[in-house]
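By written order: A, B, C and D. Residues from 1 in each chain.
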């Protein structure tokens, strides 16, 4: 089967640009990547960008201004498939952890004072699926080269990408690390989607959750466990909320509410 | 055949078996005990009670390629597995391999497993139980088969069981190190050793009657309580010597329609594992999944083969962060209460 | 006494149970909106003669780069040299399969599963009850019995679909109604065409029209969506059929088809090698299934 | 009034645009607008433990991830009274060398070079300049590799922690790094030659002020406790506020900095102006050969400065790797107090990066982060304005003006996502 190379766009919104950078970090495959796809738009990598119909739009970053929202909707309209790359696009990223003193407005005021910024109205960061339909997620902070290339290779071949659906712990065991959580210390592995190869536990460090929440997570059990091990509730919240955005924030709220009732 | 060997000769012997294949043994590095590649006995830690992952990883790696494919079809990736000698395998892990053998070598022989099994020599070693070992309850504290050689450490010397022709071939690499002369004292020594080992177990569980208790406890609220705790992290399945479930995925080369078909460890603790078309899930709840796991190990397998699919290695005890393991689950079912 | 060493010889590699052989799609057309019909022949013709199967068995179908999934064989072994499938579009593999055109190749391995116990069914009356996609494996049995008509007793075929548009093999089954040697009853829940000339209502309604049944001498074979079992099973038990003569096929996720990957395990049974055909008696002992589609108010 | 827009400023990380407003023939204003949304990171880390902070703040910017991490580690260690073991220090230096090679090769070859050679992207240059593109990818991959070996991952590695490392790099990996560095030196030399051979237009030239850290022991380097200013002054990093004076402008979510009411520049060019004489090896020879007075006025020389710096980094990796390999792994150093404050300053590839922390009872009370791009923005606008004015008065076409404006902005290697990280200066 010969297929036409898909028309691809890569876009970045609020985030650290790490996922786009990871695409550029595919040094050995970059030339092939540009050969196998027709990259119509990739502002971080080139200046001859043509906006128009797309087969696949890779979107990095969360949405936090009206202007971005407009642009996001416009991309959705002309892209057959929209793929969220990175944890910001998939879950909102660190800027959506809904933590810090006061609500978002107050935090904003603390940073910008009362100055009116004219370029666009800002709001608390949200993942892209808060506004448009997302066909696929390639999470990670940043995305993993291998996982990204495997997915793109499949898309180019007209196949469905496959990403691990299980938590980091599984890969952690493949790497034969003794369990940090078992030892009584914090690790976010059970709540976090695999794909990174359990990098952090392999360095003897806890998983901080940068792949975002896995599909089937038991926040309440982990919360209880950490409390038993002597962590204070506030610290647990701050540890667990770093990357999971509204989803984890909500699950934790449920846990707290249940705790309050009990 | 049982032979006798001086303890100080072990090192020489292991140097000679490298002629057959790469030497692997238990090592301890940065607090992790694993089977890894070693050059000599001095790099091994024979005192460690267990490795994080059982030796199944050599026979059935966490992820490997089954086929290369292109438009014309699938070609198996066989033949590139190195020959290996695994030294220091404990009886429980040999029992685990025997269970894997049943699964992978009987009806529909799995060539990937078979090739690795063929190219791997298992050199067992006796062990000292720690507070998590419970092989005495699963009847796997000693082995009669499944190994090529088995070394019982009787303080002054080794008794060496020869379990296969390949094992015997190894002996013949250095016949001068082994003696056939066993006397009365050796028997007494060995009896003493067994008595001593039996007295070392600190985890006392009783698995008799488990099938019935599982049948009776099928609808027990204990399962829901355990389900509330389980993190679905899958660690228990990865470390269990008798867990064999896997998933398969095709990978594609960039810009081509060729690639590999890969296989990797899966776990029945995952929701996706039992999901079918239309979003229906036969085991949507964690409690359902835990029940499947433990029913398989402690009820169904006993029903089929007369022994549990738990070899008492204590790995689930040493890894589950929320203390769900063979000991706590069987106790909870018997006492109808989940321990603290 | 002792287990000898494992030796893997060339022949065993040749028999790698996981290796798909390449088959060519020779016909492909839609049966309904989301179900396609496929007919495939082996690329190597001698394969065709070797490929022997029983109704009720399945094969693993591969699309290179996409993966593999189990599909029932819809054709009958009495017409060798090819295989037929009906495939519903539900996910990754099946979507890609819908894009694979005639003359392209697929990987096929099998046949797997126990299939229907044809040796026990010979000489008996056969009642086939199909709902929706359940017609896929049952068509194999139906065609097999028709091709060996003299070996079986009375043949009844009941088939229900939601609408005429969703009835698999509609024209093929309508033609069967002309035949004297079977009782073919078709029904739809709802007629969306205004051209449907047969019955309307759920499939259990058809039982009213099957006439007298020699229940002890009948094998009933059921395949359909979970809800259907809930209604059909009690009906059959009420008609007096022994539970071990009521057969059904189960569906589970499968990655190997040969009892290794674990996905299809139901307690100690593997759907792929111990099934997919089970008797009602077997199923009643599968605690996981009771209350999930198959209910059993008749047990007590 | 007419507007000349460069909508999305291509080939910078993040999202920005340039607007030139013309009033008749006069340039009324030139603004670099930052569309990247606000993230309020400093507010979010308030109340976190220092270790948790380290997981979040590198995410301000992927391309300076290790600079952020290192700067934060320096600030936090000062605040908590941690004295890192020597091996940790050396490993951190090694990781910074890796980041410098990676980031400078990405910027010079892949982002800046296409402008000078008239291509829309590095990939488009493949046919005519295959060797250079491949050279760039080789260097970049190597820089990434050094980062991965030291920090655990190419981007956002969690391995560098307070008081040390999760796990120190393996000797074998260090040996490989060393061998490969030697191999790549010719590539870096070629990079210097290439960037020295380019013509740097004069439109943007004007007197400039430069700042960088003062690397200790009179050597060239990327971290230090004091800041050098090209007017000859030296200021402690703890006084960073006097240097940077952040303010909000209405056309951007990034804050701006002024020093003594004047704009200033940080980055490779600044490092060369302040510390170029301290370079050694081939980098020193090439610096001497190519350095001249125009560097003091023309931001486009930042490209050449980066190339020379990349060579220096590469030449220093083998030694650094050897030193790390020669030491035993020390234990992680522990905090000696739970309340305190401290400022870390490091040289990210694009300039000085400050992380200031105040810690109370083990939790972060104040976090203040000043990024290089935020410091550069005013100078970028100033040089863009000059460029626009001069080019328009020469009657240049809009397209050409647009390209040159982009070249100026790009020369600063702005990391826009990093510039929109937000800082509390005025505490309300």
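Throughout what follows, contacts are C-beta pairs under 8 Å (C-beta built on N, C-alpha and C of every residue); 3 or more make two chains touch, one makes a residue touch a chain.
Just so we're clear, the structure is a prediction, and the values are computed from it rather than from any experiment.
With contact taken as defined at the outset, there is no chain that touches subunit A as well as subunit D.
When every chain is represented by the mean of its C-alpha atoms, the one lying closest to the mean of all protein C-alpha atoms is A.
On a Cα centroid basis, the chain most remote from subunit B in this structure is D.
Averaged C-alpha coordinates give centres for subunit A and subunit C that are 42 Å from one another. Our note on geometry: subunit B versus subunit D, Cα centroid distance of 51 Å, whole angstroms. Averaged C-alpha coordinates give centres for subunit B and subunit C that are 38 Å from one another.
Per-chain Cα centroids separate subunit C from subunit D by 65 Å. Contact of a single residue of subunit C with at least two other chains is seen at positions 65-67.
Multi-chain contact residues of subunit B (touching two or more other chains): 30, 249-250, 252, 257, 259, 266.
Among all residues of subunit A, those that touch two or more other chains are 1, 154, 157, 159, 162, 204. All chain pairs that touch, listed by label, are A-B, A-C, A-D, B-C.
Across the complex, subunit C is touched by residues 66-67, 69-74, 76, 78, 98, 101, 103-105, 107-111, 114-115, 117-118, 144-146, 148, 163-166, 218, 244-250, 252, 257-259, 261, 266, 268, 273-278, 280, 282-283, 288, 292, 295-296, 299-301, 303-304 of subunit B. Subunit C makes touch with subunit A in their complex at residues 63, 65-67, 92-93, 95-96, 99, 104.
Those residues of subunit A that touch subunit D in the complex are listed here as 12-22, 24-25, 27-28, 30-31, 34, 43-49, 62-65, 67-68, 93-95, 97, 99-101, 104, 107-113, 115-120, 122, 125, 141-142, 145, 196, 199-200, 203-205, 208, 210, 234-235, 238-239, 242. Those residues of subunit A that touch subunit C in the shared complex are 1, 154, 157-160, 162.
Residues 1-8, 12-13, 15-22, 62, 64-68, 88, 90-91, 105, 107, 226, 251-253, 255-256, 258-263, 265-268, 273, 287-288, 292 of subunit C are the ones touching subunit B in the complex.
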